[in-house]
Amino acid sequence: MNGQVVNKVSTRGRSRRRSRLSGIAVIMLALVAVGSLYTAVAAPSSAQESEPANQSMKVQEGRDLFLSGCSTCHGLNLAGGAGGPSLIGVGASSVIFQVESGRMPLAAGVQQAPRKDVRYTTEQIDALAAYIDSNGGGPSLPSGSLTDGDLQLGGALFRTNCASCHNFAGSGGALTYGKYAPELEQASARVIYTAMQSGPESMPRYGDNQLTVEEKKAITRYVRYITEAEDVGGAGLGRYGPLTEGLVAWVVGVVALVALTLWIGARA
Amino acid sequence: MTTPPHQPEPGSIRDRLSSPRPTDQASGPGDSRTSDVPESSFQNGDSAGDLAAHGRGHKQIHAAMAPEPVGLDRHAMLSDRDAKAAERKVASLFLLALLGVIGFVVTFFAVEQEFGKPWNTWFTPLLGTFMALALGGIGAGAVLWAKLLMVDEEAVQDRHDFGSSAEERAATSKALKQGLADTGLPRRKLLRNSLLLGAGSLALLPLPFVGFLGRFQNKERELATTGWEKGARLIRQNGTPVKLGDIQVGGVESVFPDVEEGTLRADSPALLIRMRPEELQLAGDKQEWAYQGHVVYSSICTHLGCPVKLYEQQTHNLFCPCHQSTFKADQGAKVIFGPAARPLPQLAISVDDEGYFIAEGDFSEPVGPSYWERG
Amino acid sequence: MSVLEKGADTTAGWFDDRLGGAGYIRKSLNKVFPDHWSFMLGEIALYSFIILLLTGTYLSFFYTPSLTEVVYDGSYIPLKGVTMSQAYESTLNISFDVRGGLIMRQIHHWAALLFMAAIVVHLARVFFTGAFRKPRELNWVIGTLLLVMGIVEGFAGYSLPDDLLSGTGARIANGIALSIPVIGSWAAFLVFGGEYPGTAILDRLYALHIFVVPLLILGLITFHMLMVWYQKHTQFAGPGRTEHNVVGSRLFPGYAAKAGGFFFLVFAVLAALGGLAQINPVWLYGPYNPSQVSAGSQPDWYVGFLDGSTRLMPPWEISGFGYTVPLSVLIPTVVLPGVLFTLLGLYPWIEARISKDKGYHNLLDRPRDKPVRTAIGAMTITFYVVLMIAGGNDVIASVFHLSINTMTWVLRIGLFVLPPVVYFLTKRACLSLQRSDQELIHHGIETGTIRRLPNGEFVEETVPLPEVYQVGMTGVEAEPLDAGPETPAPVGPGYEQPQLAQAPDRDGFFSSRRKREKVPVESDAPALEQTGSRKV
């Protein structure tokens, strides 16, 4: 799985060790999906309609989605309300992060919004983002692939800025008083990138003057790379470090060896 | 011969292996052990002297000189067919080892381990599997061989007693004292004292070597100071300076002093945090050390020195991943949880003419773990 | 005579002509070892150590203990072009570019974890069966030293790859050294050759890891085993087993085949782990950098209890007169292990003093027969396990989404509440197990057959427990095996009669609650001859 980075939306299954074949299959699927979307959405409009008109359609669609799905908490005019913060000025990337990782819509009052299944399609999310962004802008996604950054630079930046909370392999970690830095395997490239931009919940915000677009792309690529890379030394044991290793030493190693002593010690 | 004894199920190989020889069948299964054991016991002292010390009979000395086969000879008890089956079992395990070795060698040379090569993630797991087969085949075969085909015995051996006799001790003690007296050491005071002095001083000989292991010049100054100095810019890991406005509210940056080897020094890493100025509640003159909501703390934990870099932008908690000390970044990094006893030292900063952050000097107190001379 | 036998005879004869020793060898071949599965736990540690030496030697051919900076140009793409120490580079090369290097590294690391685990399990066996009692106190002390040496050796090895995790560990070690009153800063500067991190530490740890400490461990293991050989192994009570004999199988061939086979089985388990379970993926940690850290940074499991004690410690620090004593470091990382290992090493004398038992013991106790000792052991294990859990509290909190602060408080309280509770429960459990043994001896085995007596009473028939099954149960001693002349009591300074039969009734304090007593089988029904009965 060298270097290949799958940029897809839905939460992936837990298995890290997908076969090469399924990786290729996912890419094929993604290509087919992107292709058909392009023909379905972009092709008819590109000829006749101008870009602004397209954009305003998108904003309109996003507004409809917002009113039906989000306004109960965030208020009809985005100003916030029952339980939801104001969304004026948060920008597109915040929307993409929250909705594309399934955190929004929020299920119930929780201390930290958990990652859930995504409720909207990518186009719907983009429409929502366009609508929110049109009411006071904030950071938004850059153009181009998010995962063509410098892998080695991404690694160095990841260890400096991210590993202290998300662990060395993006397996997540504990924060204070029940909060946690989530594991990153299930985060899509868009989610990773927008998280850095928008600084959701406990996470610090990394503006473009602090981590440039290229640097953020590098980090995004590195995270996707290591979370998708198969482990070379056998089962990865969750990549939590020495704790799971010690657990395996006792639960597998010691138990197996004591069982062997019982077998040897038992008289035939 | 089991501990605890069990009643074997009739008919199985195990039964035939563990039940007494046909000649012993007079006694019932329950007490066959007690009657069987003396016949099959094997008395063997470690040495004649050992046996003499026990005061045991000469019968055992003979036993020691000419051990007789004891226990249950499985060959005598196994039917030809069962013995063949047992042998086949063991042999197949040994052959499994051969298979494992073949697989190991093939894997070793046919599969490439180098990162990125096709099948490279299979290399180590395959190697381990074949290795386990090879070693496990030999191991399990040997154990099964012993269990199925070798003598199952209950041999008995006497133990030593470790205390020597009183006479022996007295004689040894006397010999030691005599030898000491022969050296003249107890009488010749000059000899004794000079030896004590000379040999005792030998213990000092290695000390300079040990002392040379450490470089103690400026020890306390090194502990108390870091690479930060007045006017040093705050630079990132990659050497670029941090400008006012680079960090957004709710942002955090690892910063280092722009001095020689500044990013490599272990005592200098610091954390630049930006929050809304009104959120910062610093005591007294420490308010001056911050700059428009930007505050810099040493990221070396005051507990055991791990880098404290987990910053929660909503609660302003700084959290150490090693032992969970939690500091309040908006309140002078005071400790609110965990084993750290002191706040993270704060660095006084300002902005130079070009808009870059600079340090106003070194930390006002030693960074990192506490130590005796810290005061 | 086959060719093989003839050749062996000739060779052996050649050596015997020059060195002698045929008699000694024959006697050694006939040496008897008691058979019990739990006597093989120490072998796991021994075999793991041999495997550590084998794999470690291979690794040492490719590892460079140097902090010199190089630019990585190996096959692991995400680190290509990254500046790192030579130590880390060589570890990456072992993992990716030395054929079979990764499995060697992984077997080595798993063997280290299991070496320590086997020592702990073996220690528990020796403790709970009382195998440390006179005359084996010295070997207990050697075992304790081996445990400590193992921790030191493991820590040194953990630090060698110079990855982000090992560097964090070294930094904590520096902080611990600094915390020692008066000499702390001197000690830290001595160890690191100056201010942390310095340039010397890796060379020093390497010398310690591959030469000094292994040599000490090897020496101690040799001594440990010579003592077992010389003093002969302890055994559980059983038919024909007394304080004065060893009952089991002879070294050759049965015991040797099993022990030799077990070595290969241990190696096989470690090979399977080394191939199938990834351990210490240094390439994911990245090179060490003093300003970086990973969430969930942890020591290997055998240091985990110290990490846990440090995490649970409140923020205590004393300063005054210009000096500082950082108690929140000193107590959990220096005082606690010092006290724990000292108590552990001295335990044989502590118990002998309290129980006033100065006798020789070659027969092992069943844990239930020594309720207080067993309870002390269970209590200590509970204490240790709470500390271990605390050592992993961040990962546990992260995986199960718990509050780390709540967890810390629960563990802080648990550390002091749970051990006494476990002590009490274990002691009660031992006593009731003793009671059920006595029940069995007194009343016999239930048969399920109900009989009605002439007076109308219903009784269940019971069969007396055969004598052989009773041996080893509380207070029941085996008869000597040999039918020869009665052995006079061995005499010698310091020798006392075995304690088992005459242990004073001390209400369960290090000894069984009941004195040896043979109670006649209860028999209400004269009609039942060999069988007893119990009221329904």
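Every chain is named by a letter (A, B and C) in the order it is written, and numbering of its residues begins at 1.
Assume a contact is a pair of C-beta atoms (placed from the backbone, for glycine too) under 8 Å apart; a residue touches a chain by one contact, two chains touch by 3 or more.
Just so it is clear, the structure is predicted and the values come from calculations on it, not from any experiment.
Here A-B and B-C are compared, and the pair linked by more C-beta contacts is B-C.
The chain closest to the protein's centre is B, with centres computed as averages of CA atoms. Averaged C-alpha coordinates put the centre of subunit A at 45 Å from the centre of subunit C. Taking each chain's centre as the average of its CA atoms, subunit A and subunit B sit 38 Å apart.
One simple way to say how far apart two chains are is to compare their mean CA positions; for subunit B and subunit C this gives 12 Å. Among all residues of subunit A, those that touch two or more other chains are 2, 156, 160, 164-165, 173, 175-177, 181, 231-234, 264, 267.
Counting only residues that touch two or more partner chains, subunit C has 35-36, 77, 96, 102-103, 106, 258, 261-262, 265-266, 269, 273-276, 289, 291-297, 393-394, 404-405. In subunit B, 115-116, 123-125, 128, 143, 147, 152, 237, 254, 307, 309-310, 321, 326, 337 are the positions where the chain touches two or more neighbouring chains simultaneously. Across the complex, subunit C is touched by residues 2-3, 151-152, 154-156, 159-160, 163-169, 171-178, 180-181, 222, 225-226, 231-250, 252-254, 256-258, 260-262, 264-267 of subunit A.
Residues of subunit B that touch subunit C in their complex: 3-5, 30-31, 33-34, 37-38, 41-44, 46-47, 53-57, 59-60, 64, 67, 71, 108, 113-117, 123-129, 131-136, 138-143, 145-147, 150-166, 169, 210-211, 213-216, 219-220, 222-223, 237, 254, 256, 263-267, 269, 299, 303-307, 309-310, 321-326, 335, 337-342, 368-375. Residue ranges on subunit C touching subunit A, taken from their complex, read 35-41, 44, 77-82, 95-96, 102-103, 106, 109-110, 113-114, 117-118, 121, 164-165, 258, 261-262, 265-266, 269-270, 273-281, 284-286, 289, 291-301, 304, 391-399, 401-406. Residue ranges of subunit A in contact with subunit B, taken from their complex: 2, 156, 160-161, 164-165, 173, 175-177, 179, 181, 199, 201-207, 209-210, 230-234, 263-264, 267-268. By the touch criterion stated above, subunit B contacts subunit A in their complex at residues 1-2, 14, 17-18, 115-116, 120-121, 123-125, 128, 143, 147-148, 152, 237-238, 243, 245-254, 307, 309-315, 317, 319, 321, 326, 337.
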